[in-house]
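Quick one: structure below, then a few questions.
Going in written order, the chains are labelled A, B, C and D, and every chain counts its residues from 1.
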Amino acid sequence: MYSLHAITNSVQNWLNARLSSTWVLIIESLIVIVLAIALFAALGLILVWLERKVAAHMQIRLGPNRLGPAGIFQTSADTLKLILKEGLTPDGADKFLFNFAPFVVMIVAMLLLAPIAFANGFQIWNINIGVLYISAISSLSVIGILIAGWASNNKYSLLGAMRSGAQIVSYELSAGLSILTIVVLTGSLQMTDIVQAQQNGWWIFKGHIPVIIAFIIFIIAATAETNRAPFDLAEAESELTAGFHTEYSGMKFALFFLAEYINIFIVCAIGATLFLGGWMPFHMGNWTQFNHVMDFIPSSIWFFGKTFFLIFLIMWFRWTFPRLRVDQLLNLEWKYLLPVSLFNLLLVTLIAIMNWHF
Amino acid sequence: MFIKEYISEIAKATKSLWTGMKLTGHYFVRPKTVITQQYPDNRDTLKMADRFRGEVTMPHDENNQHACTGCTACELACPNATIKVITKFELTPENKKKKALDTFVYHLDMCTLCGLCVDACPSGAIQMGQNFEHSVYDRSTLTKKLNKPGSKIREGVE
Amino acid sequence: MTNEVIKELVSGPLPSATFDESGEWLTIQIDAAQWKQLATLLYNAPYHFDYLFCLTCVDWKTHFTTVYHLTSTCHRQAIVVKAKVDRNDPQIETVSDIWKTADFHEREVFDLFGVRFINHSDLRRLILTEDFEGYPLRKDFEDPVNMIKL
Amino acid sequence: MYTETQIVNNSDDELVVNVGPQHPATHGVLHLVITLQGETIKKVEPHLGYIHRSIEKMCESLTYRQFIYATSRMDYLSAHINNHACALTVEKGLQIEVPQRAQYIRVIMDELTRIASHELWWGAMAMDLGAFTPFFYAFREREMITEIMEETCGARLTMNYMVPGGVMTDLHPDFQKKVKAFIQLFRSKIDEYDELVTGNIIFQNRMKGVGYLSKEDAISYGCTGAVARASGVSCDIRKLYPYDVYDKVAFDEILETEGDSFARYMIRMREMKESIKMIEQLIDNIPEGDYQAKTKAVLKLPKGDFYTRVETARGELGVYIVSEGATTPYRIKFRSPGFSNLSALDQMARGGKLGDLMATMGTLDLVIPDIDR
């Protein structure tokens, strides 16, 4: 199987031959930081463009089509506009927290990037508690939103932030429980182990109906955790104008905007890793010929393909459904998702113990 | 029984959500259903309806003649004082004084395009034009003189 | 319920009311002071005019008349009540406790005509700003800036 | 308006929030001051007048031919019906017999306007609930109606097609063909609306049992149109006091009894189908003849007062003209449906959540210029 180990190893060897180990670490870190930021920028531009195109075609429109072929440079132009805009801070706002909040949200999104395996042997940090790390860090982004809502000194922002708090705290539960099903099946918290465990088939195919249910619950919870419609109560355009980022403009708004899309990418990447095998190609039992063809497709394409499929699914939700009300949102979690996922976890544990899965 | 209801409720909800997604998905994969009109690009093929009320115009024929007698019926019919008809007295060949149009002032910026002036005109001298691109940089250019310089009233129009 | 019946029933308690049948509906003309009594009478059985579909005012330069269009959702009968209001000290009893729709309509009339509705719970300007001077729908209202005299 | 001290001194953890005048859910410049306790609404107080142009005062200086155009700017979504009401009042005063052809044309135009208005309402209401896609589907069908209007009347929104005594010009030769094409298309598309919104479980949960208005309150608040009919009040002017050829068409008055937002929604959805039925009955039977009665150049209404009620897309519009025998009205009053419907908003929204307020407001179908005039 094609692997990126060769590249990363050769870079490390080349550096080790010339520099002391401290400098190697520093330079490698710098490379990673540059790559991460480049990935962020690229993802932001692509995802925003993608969202606008998906929305447009679902709404029988064309979407951006003036700047570059099919309007792909539209988002770059928008970003440029946002950079040039004045970054206003309201008079009554808590200046420090107001300016701090976008960075909290952004830093959390960046931290989440660490344990994700983008391709075979291409991972920033192969931490052995990867899944735990992700569920721990991802719940921090709500702090940024709460800070933003509180510091804005705006009632809409405050209401939006409070909604967001209630929402993320409760949806964290079912997201965590559906992640646990895979952990139970794999027996490991490490991302690489989870991917390797799906070499002979992805969990969604191997794990019978309970894993499919867990997958659906995960997608719902992921949509809610990223504050996307139909769970976009924190910004609820028609109710709270823009919710927690009502008062933000210019680059500070752009950071929130970017973080939202990065978060979508990350939750979808996690979903793809856990349920759809990450970078693992699609293998069918003992069709060696077929499996061989599949192996020729680079692992990074597998990973991004699956991730973008999930992203498309979340976008599809957004452009089809109306928004839930705040109490219905919590009803859905506590009355439906949580009991179902608890029961589901029980079933999966049974499957894992009895070794019923393929 | 409670469990059965609970599950059927979830199934029904999922089905209703799926119907909606099917519809948006249906349009997503059919780019031919897009209804966007790319306006400034399709200017050449864009044809407004004949009766479309874009602005008041005064048609002149090839001899630079119009049909306005200067009767001010349009001025009286206009609800917002958009039209100002300035008349003068001309001498007819029989040496009689006759009222004629001097200047037909039209304030496009005040016009609501209701068409009452065209309806009121007894000689059909003014019409509604189809032009709708009225944006200008200077508001004063919206005050227009509708009769062309040197134009005369057509023979036989009373 | 015919117009005759209504006339008979109204002229009992309100002998000074005059009737006009030239229009589409029966019109009862009264003084402002009698309005509350008539309104209560009309709202209750047997008339049951439970639906106030228009409330407005007309400035006759010498006096105001507040005009009430009432209908009954069970009898499908409409009547008009015109109450004469003094122009120098325009006030009339509110009916917003009988027909809730009168709440907004009376505020509108107060706003545009300056008729004060006694006992109205929340008589403030509705459409114009609080500091607006004058009552624009009065015939003697002048606004040299925004009004062009023809 | 609330001063700062009032907000600070509010007891019971109440939060006073200004919704509007610029707010995505108010569809214009409506200003609501809402008192919240958490997410629960304690009080809604509308502040009007941001788009007040004093059309009533303006009309006092316009002649009976001219004032009709100004009414298109009130409820701009049912401009035709507003013009119709004014034309009817003038005709009532002058006792003009309108030719049959004109009456047919007027009613068809009214119903087309009603469908166009309800289409826009449907899209905008779904947008209030956070679904953006329905708006575009609604506009796709609405565009066909505006094109029909443009072809025959010369304008897309503020048509000014009705004149005292009939209509301004005859129908465009393609009119019948295009209307039939529209009906066919609309019938195939209305199912999509149900698939996308009506049947959706999230939508139903947002709508059912929200913004309840009892029958007594609906009558007392003077509600009309879909708002009152959803509470079981029979108030369709077209049925109760038919004007023009409404008495010759067979149609049902749509009534629901639940009184909640979903009932109001269903009324309008069913009304669209009913309007299609009416147009189908009329479109092939437009009689030949004049499209305008012969009227004098200068119209003078006799002394007296004249009141006409018509059913616009939002409810009952009353035009009250007091004439002194001059060429201009002495006093004119437009009893707009939105004004009364809005006054019931406080009653409906109290005790609900903030999201419910948007759902309720969406189903009230408010058009702000209609309220402010």
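Please note the rule applied: contacts are C-beta pairs under 8 Å (C-beta built on N, C-alpha and C of every residue); 3 or more make two chains touch, one makes a residue touch a chain.
Since the structure is predicted, the reported quantities are computational estimates derived from the model, not experimental observations.
Looking at A-B and C-D, the interface holding more C-beta pairs in contact is that of C-D.
Every chain gets a centre from its CA atoms, and the centre nearest the mean of all protein CA atoms is that of D.
Taking the mean of the C-alpha atoms as each chain's centre, chain A and chain B sit 51 Å apart. Note on chain placement: the centre of chain B and the centre of chain C lie 42 Å apart, centres being C-alpha means. Averaged C-alpha coordinates put the centre of chain C at 25 Å from the centre of chain D.
Separating the centre of chain A from that of chain D, both taken as means of CA atoms, is a distance of 45 Å.
In chain A, the positions touching at least two other chains are 58-61, 319-321.
Under the contact definition stated at the top, the residues of chain D that touch 2 or more other chains are 133, 140, 196-197, 200, 202. Under the contact rule stated at the top, the pairs of chains that touch are A-B, A-D, B-D, C-D.
Those residues of chain D that touch chain A in the complex are listed here as 15, 17, 23-25, 36, 39, 126-133, 135-137, 140, 196-197, 200, 202-203, 205-206, 353-358.
Chain A meets chain D in the complex at residues 55, 58-61, 155-156, 159, 163, 229-230, 232, 236-241, 319-328. Note for the complex: chain B touches chain D at residues 12-13, 16-17, 19-20, 22-24, 35, 48-53, 77-79, 112-116, 119, 128.
Partner chain B is touched in their complex by these residues of chain D: 62, 65-67, 69-70, 133, 140, 143, 147, 150-155, 158, 160, 163, 168-169, 172, 192, 195-197, 199-202, 204. On chain D, the positions that touch chain C within their shared complex are 1, 48-49, 52, 54, 56-57, 61, 92, 217, 219-222, 224, 233-235, 240, 304-307, 309, 316, 318, 320, 322, 330-331, 333, 335, 339-340, 342-344, 347, 372.
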